[in-house]
Structures are given as structure tokens and as C-alpha cells.
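In the two complexes that follow, chain A is the common piece, with chain B as its partner first and chain C second.
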Partner chain A sequence: MKRALAFLSLVVIFAALLMALSPEYGIKFGLGGEDWKKYRYTDDYYIKHGVEEVGGMNIVTDIVFDYRGYDTLGEATVLFTAIAGAVALLRPWRREKHE
Partner chain B sequence: MTWLPFIIIIPLFGAFSMPIVSLLKGKAKEIWATIISLATLIVGIEVFREVWTGGTIVYALGSETPFGKANFPIRIVWEVDKFGAIMVLIITFVSFLAILYSIEYMKHDTGLEKYYTLILILELGMLGIAITGDIFNFYVFLEIMSIASYALVAFRNDTWEGIEAGIKYMFVGSLASSFVLLGIALLYGQYGTLTIGYLALKMSQNPTIVAKVALALFLGGLLFKSGAAPVHMWLADAHPAAPSSISAMLSGLVIKIGGIYAIARVVFSMFLPAVNLATVGWIVIIFACITLIVGNAMAVVQEDMKRLLAYSSVGQIGYILLGLGIGMVAYGSRVGEIALAGAIYHTVNHAIMKALLFLVAGAVLHELGTRNLNELSGLARTMPKTTFAFLIGAAAIVGMPPLNGFASKWLIYESSALFNPIIGAIAIIGTAFCTAAYIRVLFTFFGRPSEKVMKAKDPGIAMLLPMMILVIAIIGMGLFPWQISDKFMIPAARTLWDIANYVASLMGGG
Partner chain C sequence: MSDDMGVIVKTNARALIPLIGIFGAYIVLHGHLTPGGGFQGGATIVGTGLLFLIAFGVEEAKKVINKDLYSALEGVGGLIFLGAAMLGLSIAFFYNVLWHKGPIFNGKPGTLLSAGFLPIMNLGVGLKVFTGLVSAVFALSLFRRWKK
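Here is the complex of A and B:
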């Protein structure tokens, strides 16, 4: 019963996502021309002004280390946390003193 | 010149320098963590004061304004309004007390340098969520907070329940986070920006079905993080299994920031123009009513002290969600304002009193080594100070008039009764269960001392001090309930509603 409901709700979520991703109702794919300016204005800005504002020729690194550098700092923290967590959980068990 | 960046810089510096500092032997890591969290508390107080005197702070990272040469934000922004400032203050306060408490509580454990690193990162993640104005950045800090809390729940890796709870929390928690990420991806595909305020602007011009699907995914993921009823099972396992200082932070802060604050921020500051607020509000109210009854009713039947407190947290999240839901349905009316102010007030109050109760449970566990309530009878005889702290915490959470829990619960009762009497009745039934659960514990504590309890004594100063500070906070806030609600909670509720101002302060330049 529970499992059937879970599958049913997965199907509903999947259908809703398909609808949101269909160009008729929702997100369009392969944007070009007018649509590029309308939906990807931020990307357009990065491409046009990235070189003069940041100075790097690689737009992805311009974005990841300058425009959105704070997110990269956060990602580095995620990695650090994951390592600290893994090391903390894989440490040897504590021993009783009176053994 | 604003103090705001230091709220991230200081804990980040503390966490990343902890492996080096812990090369010094002795108590260096404990002292370092305490200093860092105290400094964060001072900055938190200063940020709170700044927002309260100067209004919403908008801070662009890497430039004077978030705009560059465009007329839309291209950089990450922080936007701290009054609600965010309240959350910053309560996070830094409770985290400082939890770290202070850990000095004595965790001294029998190994791997403490990782423990203090992770607890500082947990604080950092929550602060990042509270101040951010960028939806992808919100996700990054949600992940920082979640990963640190997975590791801390399973920190005692020699106990079976720690590992079990950690695995359970991690599997379902990552699924919930991925829902949030999927929602962000959909929004970016449709609207082409990641700034919360600008997304709201774009959505008001062009509300689409994508926005509704994204909101559903957000709500699903964030209700999980807050421990609402059908998905609260991780919470009832994670809180008892974690070290008590971590339970205090998880129950007092993580479920509020990752759940309640995030839902409020996403719904009010982002989706308000694009969706019908009444529909969203009723969905939240339905979950709130289920959560209220399930959480409080399950608390009554527990034998394990920390599991009882965990279920009680679920029940209290129900009250907060109820206030939030009424605040959405009754948008713009007096009733909704009271409900939302009550929800914010109860968030703060519950963080303080649940932190206190978990610290007390930790002290009992530390002294006696058992959490089974049947073995704890007569604790008042041998641990009077701890029992007194529990008495205050329990009376506050039930909502006894001289303490702080009364005013916040009263605001929620009043608004729910005015809004819909049936919902008011459900809230009262929840409180009846809650009262029954805590009175049962108190009867045990004041009963005839059992043999096991006779050799117990109160914990040392490093554990008692945080508990006493929280007791003073509860009593002190209880003396001025309506002043606090009029001066802080109602203005915070109004700024949360005021999306025009949220967008205007972003677009007006920081």
C-alpha cells in the first residue's frame, strides 16, 4: 500500500516535471535569437563583460572565481566538511579505561 | 562599513584553522572554539543592532553594487532584513552556549578536533542561510549545514544508534536537498537569474507553471528539513542518537533555519507574486495540524527522555508552521500579522527552551548514563539544579504565563481561533498532549529516589553555566512578553510580508 502510493506519487512528480520541461508550457531548450536575450540575459552579460571586468579569458573560471566566488568558497567548505566528517566517523572506537 | 561579512569570516576562519590549532596539546581546541563562537556572537549582536536601527542591509560580494554595468544583479548578494537578523542573533547565541557546554560534556570522547571543526561549520552553514539573498547560495549553505549535521549525528561511531540514525538522516536528507536543487534548476531555466529579489520581480511579470512546480519541490524538500509530520521520522532517531550539545543545536536551530526560515523566505520573498498565497498557506496549515497532533501525541508515550524531547520538537514545529500558514492565508490582515509574529516569536522561544531541555537531558545522561525515564525517578533529590532547569524549560514549553513560551503560544492560539475555530481547537489538543508528556517527566523527577539516582550529583560549572544562562533568558523574556512582541516580532512579520520593500532595497543598490 505504502509502496504503491510512493510509486504513484513518483509518477505524478515525473509527469509534472515533464510538463514543466515541455516547450509549450514551460522551459524552452536550444534558445537563440530573441529568446537568448530574454531568458539568458545574465549569461549574456558574463560573456560580453567577463574579459574586461575580470581579466580571464575563460568565462567559466571568471564566473566561478569572481562573480560567484562566494559559492566556490562554500563548495570548498562542503568538501572540507565531508572530509572532516568522514575522518571523524572512521576513527577508531574509544576504549573503556578499566579494561 | 558594516559588520556583516565578519559573521561568515570568523566561523570560517575558526573552522579552517582548527586542524592547525589542535596540533597544540591540551585544551587549545576547546578554548579556540569558544573564542571563535563568542566573537561570532558579538558580531551577531552588532548585525542585529545594525539592521534594527538602519533597516535592511544589502551587501554585494566583490563589488560596490550587485549590478556591474547591467540593470539586473550579476553578483551574489546578502540581504538581511529584520527576520534574518533575529535568526542571526539566536543562531550565534545558542551555538555559543552549545560549544561552551561541549567543553565538559564531550571530554570523554575522542576525535574532538573534528567535533569542534564540524560544530563551527554547522554554525557557519546556518548563518549563511540566514543572511543570503541568492537562491543557489542558499542551497550551498543548506548543504554545508546538512553535511555537518549528518556527521555530527553519527559522531559517536561506537554506538549502534548513532550510525543508524546518521545513515537514515543522510539518505533521506540528501534526497530532500536534491529536490531543492531541482527546483533551483527549473527556476534558473525559466527566469535566468538566481537572486531571490530579482526572481520575485521576474516571476511577477511572468508567472508560469514552472514556478509552481519549483515551489512544490521547494516545499517538499524544506518541510522534510523542518521535520513536519509525514517526514519527521529522521528527527526522532537523530536527536536521541546525537551528543546532547548537538541535539540542542539540531532541535533549536537546524530545523528552524533549514525548514521554517527557508520556507518563509522562499514563499514570502520569492513566490509571493507568482502563486496564490492562500493555496500554499492551506497546504502548510494541513501539514501543521498533522504535525501538531502526531508530534505531541507521540511524545506522551515515550520511555526515552531524549526521544520524548525530539517528538516534542516535532510538535512545536507544528505550532510554528501553523502560524506561518495562517500568515500566508490571511496575508495583509491583522489576524495574519499576529499569526506570523507568533510564529517568529515561537521560533526564537522554542530555540531557547528546547536547547535548555536538551542540555539538561545531556547532563542527566552524562551523570547517570541512562536516558530511560523509568530509571530516573527522584532525580530532584540528587541533582537539584539540573531539575530546576528542567522545570523551567518544561513550564516554558507548555506555555505557563510567567515564562516566555506563554506569549508566543498565545499569539498563535489567538490568531488560529480568530482564523478558524477548528484549527484553534486542534492547537489546544496538541498543547494538552504536550502538557501530559512533560508532567509525566516531572512526576518521575520528583518521585522516590531510585538506587541508581542516589549517587548522582550536579554537573560542573561548564555544563551548568549554559543551562543557567538559558534559564535567565527564558525568565527574562517572560517578564516583557508583549514589549518583545510589539517591538521585535510584529515589525519582523511586517518586513517579511513587505516584498515590495525587499525587492526595492535590492534594486535600489546596497
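Here is the complex of A and C:
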């Protein structure tokens, strides 16, 4: 019973997401021309001004390290925390060391 | 029970580990010019550590991998990143002062010594990813309690 309800709600969520992804109601794919200027103006700015403002030819590196450096800082923190947690959890237990 | 591989795998690992390391260092150093960067290049260099660990076994890796050094280097990588971000703190955090009026790293876009603090940050992040993932995998390989 619970399983059937869970499966039913999954189907409902999936249908709603499919609806949101359809070009008639929701987002569009393969933007170009006027739509590019209308929906992707931020990307347009990065592509046009990235090289002169940051200096790197790699626009992705320009964005993740300069324009949105805080995001990369948080990403590095997440990595650090994950490594620290994994290493801390994988240490030998206190009892096993004496055996 | 020996946990290292046969002689063919070991010889191939001896030949491949420098190649993978050089390619990873290339990805990290050219992060501001070509696709890739600190995270990708660091993860590539981790391949050398994994290959060493698998081909030569845990006992051999225990002699080489110093966990204090690796944990310290991970912190140093993060500090390099933060230090490069704080270079232009008089104007703003993450202000690329080396690119706008710095003494170095302000060459023509497309050359190696350009793009301000981006190469420094790539180095820091690459060091951090490499040491962090190697120490995580090494800790996982030392955790061996299949019985009980």
C-alpha cells in the first residue's frame, strides 16, 4: 500500500517535470538568435568580456575562479570536509589497535 | 598473501605513472588556456596514486605515503587558493589585482604567464584535490576487515 502510494507520487512528479520541460509550456532547448539575447544574456556577457576582464582564454576557468570565486571556495570546502570525514570515519577502532 | 600485481603490470605502471603525472600537471598548469583546470588536473594526477597503490600493493604504498604530509599539503592547497583570492583585498575579495596591475601574470591573454591569479589558484586547487583524494583512497585501502 505504502509502496503503491510512493510509486504513484513518483509518477505524478515525473509527469509534472515532463510538462515543465516541454517547449510549449516550459523551458526551451537549443536557444539561438533572439532567444539567446533574451534568456542567456549573462552567458553573452561572460563570452564577450571574459578575456579582457580576467585574462584567461578558458571562459569556464574565468567564471569559476574569478567571477564566481565564492562558489569554487565553497566547492573546495566541501571537498575538504568530505575527505576529512572519510578519513576520520575510516580510522581503526580503539579496540582493534590492541588486538 | 601478497597484494601486489605481476611483473608486467608493475613494469607498465613504472612507465605510465610519470606519463599520467606529466599530463595531469599539464592540465593544471594550462587551466586558464585549455579545457581543464585544478579539479580536473588534480583528479588526473590522483590516477598515478591509484595506479601505484594497485600495482605495487598497500605495503609498498605505506612506505611512500606519509599521511601527515598529505593532510598538511591539502590544507596548504586551500590556503594558496584563499591567499590568491585575498591579493586584491584592498578593492574586493576575489579581485584579480595581478591581472589589472600586478607585476607578474599579466602577459598577453593566451600566454602561460597571464590571467592574474588563475594559475596560482589552479595550482592550489590541484594540490588540494590530489592530496585529498590520495589520502582518502589510502585510508580506504588500509581499512580491511572483511571477517568478523
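Here is the rule we use: the second predicted complex is superposed on the first by the 94 of 99 C-alpha atoms of A that agree within 3 Å, B and C clash if a C-alpha of one lies under 4 Å from a C-alpha of the other, contacts with A are read in each partner's own complex, and residues count from 1 in each chain.
FYI, contacts are C-beta pairs under 8 Å (C-beta built on N, C-alpha and C of every residue); 3 or more make two chains touch, one makes a residue touch a chain.
Computed from a predicted structure; not experimentally measured.
Engineer: Classify the contacts of A:Arg91 with the two partner chains as first (chain B alone), second (chain C alone), both, or neither.
Structural biologist: Touch partners of A:Arg91: chain B and chain C.
Engineer: In the overlay, work out which of chain B or chain C sits against more residues of chain A.
Structural biologist: B
Engineer: Looking at the overlay, does A:Asn58 come into contact with chain B only (first), chain C only (second), both, or neither?
Structural biologist: In the superposed model, A:Asn58 contacts chain C only, not chain B.
Engineer: For A:Phe80, using the defined touch cut-off, is the partner it touches chain B, chain C, both, or neither? Pick first, second, both or neither.
Structural biologist: A:Phe80 contacts both chain B and chain C.
Engineer: Classify the contacts of A:Arg40 with the two partner chains as first (chain B alone), second (chain C alone), both, or neither.
Structural biologist: After superposing on A, A:Arg40 lies in contact with chain B but is clear of chain C.
Engineer: Name the contact category of A:His49: first (chain B only), second (chain C only), both, or neither.
Structural biologist: A:His49 contacts chain B only, not chain C.
Engineer: On the A-aligned overlay, A:Val12 touches which partner chain: chain B = first, chain C = second, or both, or neither?
Structural biologist: neither
Engineer: Could you look at A:Asp66 and tell me whether it touches chain B, chain C, both or neither (first, second, both, neither)?
Structural biologist: Once the two structures are laid over each other on A, A:Asp66 reaches both partners.
Engineer: So which positions on chain A get touched by both chain B and chain C?
Structural biologist: Shared contact residues on chain A: 53, 66, 69-70, 73, 75, 77, 80, 82, 86-87, 90-92.
Engineer: Within their complex, state which residues of chain A touch chain B.
Structural biologist: Going by the criterion above, the answer is residues 16-17, 19-20, 25-27, 38-43, 45-46, 49, 53, 66-71, 73-75, 77-78, 80-82, 84-94.
Engineer: Going by the contact rule at the top, pick out the chain B residues touching chain A in the complex.
Structural biologist: The contact residues of chain B facing chain A are 12, 15-16, 61-62, 68-70, 72, 74-76, 108-111, 114-115, 117-118, 121, 124, 128, 136-137, 140-141, 143-144, 147-148, 150-152, 154-155, 157-158, 163, 166, 182, 186, 189-194, 208-210, 213-214, 216.
Engineer: For chain A, which residues count as touching chain C in their complex?
Structural biologist: 51-58, 60-62, 64-66, 69-70, 72-73, 75-77, 79-80, 82-83, 86-87, 90-92, 96
Engineer: Under the definition above, what is the set of chain C residues touching chain A in their complex?
Structural biologist: 31-37, 39, 71, 74, 78, 81-82, 85, 93-94, 96, 99, 105-106, 109-110, 114-118, 121-122, 125, 128-129, 132-133, 135-136, 139-140, 142-143, 145
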